[in-house]
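Consider the two complexes below, in which subunit A is the common component and subunit B and subunit C are the respective partners.
Entry: the complex of A and B
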């Protein structure tokens, strides 16, 4: 009786516990969803203290966005007449509409933030650096894919920002369009591509919608796959290189577990597999890594849901080119650019040189080019790969953190301290009250 | 470490489960459900259980596709079309059976086109439009009281007149009727363009109701809230005090008159009405429009533009008739009438001091009749050429608008001035 009870409890609380290493590695290799995991993984690679699990967090957020986004596609109408009102319906009448929309928005905002933090983490641990040690490894490539992912993430967020077709959306897009227009020679052409004409209207909405629900998600999905695949090709997370893992080669005769195509028919030759045994630190991916990934999924989803209950997605007045909200702001992740645009505008005796070009185009482009070129310029030793704040990287880490701090400070100024007429207000100061109709 | 993961997974799963319950709770307990259960209770007591049972539950809406309106007001205001609930309190009571309700049926018009508010919303504050980012609040008694209207509920006339702009003396619209009378009496169109017609001294008021409130200058508004309504009200009470150096004279409007005018001006908004909603007006539809050009909207606009001159014609004709019937004898009386109806009094007095323009007492002694006739006929031209006119313009700053007077009226006016001067 007691044995039986034990068995039942065991069945209910079953956790996968492979008996042999072979069984453990088979369980990842056989499963389509898990086959991009390595058979073994070091504890350090899956530790929060090294990677902060940022990639998995982003993947969770991306999954939430995909699911909620697919639902929203059934409810949202991409037309200038209906778009705004379909959001009102989501907010007030459609069962769980408010939840789906708010969750989508919270996850989107978090994703932009976490992607940025991920970039910071990779830089500070020197994980983008190339090392000659591992054959077939070229980590700078994954750094560049990462930069592309950052840009596509921001584009996804920005295109989504337009879709509610409210004042917030319209004027954020107007700001972006004006920055594009300030580029010399190609400005007008870029603007035309962005908004599909000369005024922001149905043409803009439909092309941003198609970009948001099809092209960008497909691109980001493929890039994510490439990013994941590169990690495997590079031999795992950069931290493993710092661990100095000793691998012991063991050729083993395959036990006849299953007949594989021709190999089973050929007589006299028994196929052998080359197996590396990693000394000490490594554990089976299944169930250790899979469990940790699941845990991340659960906790991130819970956090996103909790935030959904705390922050309602905004919806301002219906979009109108007739009047401008005061102040009109870009989405927060572009506010540092808007702030730069406002600050780099030069006025000389009635002559105005637009800050759009300097602040909106030159500075971000230069920063991006620097980031892309950095793995080729960086000459710090291999010992700095996969280590937080390695002493050889002190100077570049400091400069990098300074740039990040400036960006965050500018975002803060733009988001909190800019009131009506783009006047500067201290956080404790009351903004002037703008008049209303009644 | 891995054991800890398992435990955290259990905790995380529990958390996720709890949050899912929160989500389900939030979804299933909206505020309107409480109103509906209270209503069901009240209704079963007043109109009987059998009838009360047939009332719709859940989110109920009046959908008017042609007006692009979805009005969910009736989710809480369930008694609106149920006779017998008249004595129930808000929001359960029957809609008052006002005489014009037979033209404005619920199914054709919905709620918000008359009442304002946010039809899509299903929470009290949002639905009544008392939230940020919603420009049309419910035009109710509370709002009327905020601005001190003697009939506070009538602040709704603003929305009535958005459609009924071309109608005159419409039943129930006391404030608007009063204000329209004042517009005619003071002849606002001398200085302001209204419906495409009028002078250019003041701003075009045709769509003043659409004006962005930020464009009003509130530096000299000392009392009341920072709203377009209050600005217009204060401005009607004392134009030069609100806008320093304004050419607009102080007409000495009473508080109620100023409120009525504010409501009128705020009702002047662009509106896109399908044909079946355009109010039938004898004036606007007379003379036959040239039919099919343009969209509904532009046609509506043209119709609005056309109504004013036509109205002027109808008011002018009897005057002209009387002038031709009795030449000479009634000339002074006719001059007096022209002086008082053409808006001269907005800027000029005779013997009561200068307003925007000079006091006209003794004008026939200081100027020749020929100069006066010339001036009244070619006002704008003379301001550029005539030395006396130039001097006057420098002194008074505000140019006198060109008047549309025929020679008969000019003669009558001069005769009237002469009689005034001779009477001393």
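Entry: the complex of A and C
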């Protein structure tokens, strides 16, 4: 009995101190939670100085969001009459409701930020680049999956923003809806699908709620799995290319051992498996990689919890279309877009193109298309793959960083320097006094 | 297929029974799923909307003071000039925020596009992105692409003013009471 229990526990866990190489590699093959790790991994791939462990950090934040989100689903009612008051209950009546809500919000905001930093890291290290010389690897695909993940992350954050049904939420959605409306031809249809009618009401809330708690999480989960799988298919992080580890192709004849698999049934053909042998220094994933992942999980969770005490989730007055808060601001990660929509209305004799279309649709679409096309345009040598600031990529890195700096600057201007009526104020200037509403 | 091989020349123009059936079934399977998808998509465009009416009463003419009055529940301004009324939308044409009324006393002087000196006692300012509209709803600053629309008004049999937000009218429109 005790032996049996031990065996079950051994199946569910793995040892942190494997005595032999065999025991180490065995755990990655045996344990379901570890099966997506390779048996061996290079020390450089795990180092903070190369990858900054951003993927693991994002995965931790996503786990926090899943758990807190699930709890919040029990406590939140997606109806225009009760949504706001169920958030009020979370804040004041439900034991630790405020903590769950704040943690969910902090993790969501961190996730948007870290996903963006992850994109910057991948670009600056040239990790999206494809090399003809490396067999069985196509890194641009993972770059595109990553861009899709960025979009879904932002959509998740944005749909969650509406749910409290307060003034902050309502006006962020109004602006988003009118950006969709400003698109020519299809604008009205898109807006109708988004808000489920012509005004923002119950239809809108239930649509965004379902998107937030089901559609988008499922999509992001599948994309995450694909993203992870592609890393394995590409032979690990791009830094292995820079380490000069060759993958040597070996065609190996496989003995027909498993009769339940197709290979065991096939006759007449000798099945071969193409495998790539890694030459160079690599260590066992267990415990080297598992330790790092667990440590990151613990530290990121602790940091998110600590930040929860510093950043309280706001809850403004109940949503009302009758008046607009002044100034009305989008969430910070969309402030650069809000700054753009406010500045990019084009007026040529008689023809006016709304800034909503230029700044809200054209500019972000062009940026995304550029990012998506870049792996195909980039012609820098293979030596630039997996290296921070490679000298052959100096110019494109500079342009990329400039674009990032402009986005961050626009966010800063939108967040700090825009006062009532979207007037520009220097940080040291006093905003004009707005009459208080009663 | 052995049957076709015997036919000789005809093999190029004929398709086998198996292939024919697989095309037909493929067509219906794909078509069936496509229709499923379309019905799901169609259901997201509601046929009935439970939204407030676009035509509504705003009150008796005598309820309105001289000048501008904001009606928050309908997001519009009713402007009274003695016995003449008109109505301007309060929804910013840029991204849909509710514009605020900015009153000026003494009146604000400015040069119109035709060069004449004009004075106005109020303007509309949008809190979201800083669009500014003149008395008559024309944009003069900020990102708004269009002027604020004017809505049609008429008197209901019970004497109340009715506003129809579906009918836009020109700047010479006045409801005489």
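Everything that follows uses one rule, which is that the second predicted complex is superposed on the first by the 378 of 438 C-alpha atoms of A that agree within 3 Å, B and C clash if a C-alpha of one lies under 4 Å from a C-alpha of the other, contacts with A are read in each partner's own complex, and residues count from 1 in each chain.
Keep in mind that, in the parts below, contacts are C-beta pairs under 8 Å (C-beta built on N, C-alpha and C of every residue); 3 or more make two chains touch, one makes a residue touch a chain.
Keep in mind the model is a prediction, meaning the values are calculated, not measured.
**Student:** Could you look at A:326 and tell me whether it touches subunit B, subunit C, both or neither (first, second, both, neither)?
**Tutor:** It touches subunit B and subunit C both.
**Student:** Quick check for you: in the superposed arrangement, does A:88 touch first (subunit B), second (subunit C), both or neither?
**Tutor:** So A:88 only meets subunit B here.
**Student:** Please work out whether A:5 is in contact with subunit B alone, subunit C alone, both, or neither, and reply first, second, both or neither.
**Tutor:** Touch partners of A:5: none, neither subunit B nor subunit C.
**Student:** Quick check for you: in the superposed arrangement, does A:316 touch first (subunit B), second (subunit C), both or neither?
**Tutor:** It touches subunit B, and subunit C stays clear.
**Student:** State whether A:185 touches subunit B only (first), subunit C only (second), both chains, or neither.
**Tutor:** neither
**Student:** Does subunit B (first) or subunit C (second) touch A:301, or do both, or does neither?
**Tutor:** first
**Student:** In the overlay, answer first, second, both or neither for which of subunit B and subunit C A:342 touches.
**Tutor:** The second partner, subunit C, only.
**Student:** A:171 in the overlay: touching subunit B, subunit C, both, or neither? Say first, second, both or neither.
**Tutor:** After superposing on A, A:171 lies in contact with subunit C but is clear of subunit B.
**Student:** So which bits of subunit A does subunit B touch that subunit C touches too?
**Tutor:** Of subunit A, residues 322-323, 326 contact subunit B in one complex and subunit C in the other.
**Student:** Which of the residues in subunit B come into contact with subunit A in the complex?
**Tutor:** That would be residues 1-2, 5-6, 8-9, 12-13, 15-16, 19-20, 22-23, 26-27, 59, 61, 68, 70, 72, 120-123, 126, 133-135, 137, 143, 146, 210, 212-214, 216, 218, 226-229, 231, 266 of subunit B.
**Student:** Going by the contact rule set out above, which residues of subunit C touch subunit A in the complex?
**Tutor:** 44-46, 49-52, 72-73, 75, 93-98, 100, 125-130, 142-146
**Student:** Can you list the residues on subunit A that touch subunit C in the complex?
**Tutor:** Contacts found on subunit A: 171, 174-175, 177-179, 181-182, 189, 192-193, 196-199, 201, 203, 207, 321-328, 338, 341-345, 352-356, 420-423.
**Student:** Name, in rising order, each residue of subunit A that touches subunit B in their complex.
**Tutor:** 15, 43, 81, 85, 88-89, 91-93, 95-96, 99, 166-167, 283, 288, 291-292, 294-295, 298-299, 301-302, 305-306, 309, 314-317, 322-323, 326, 433-438
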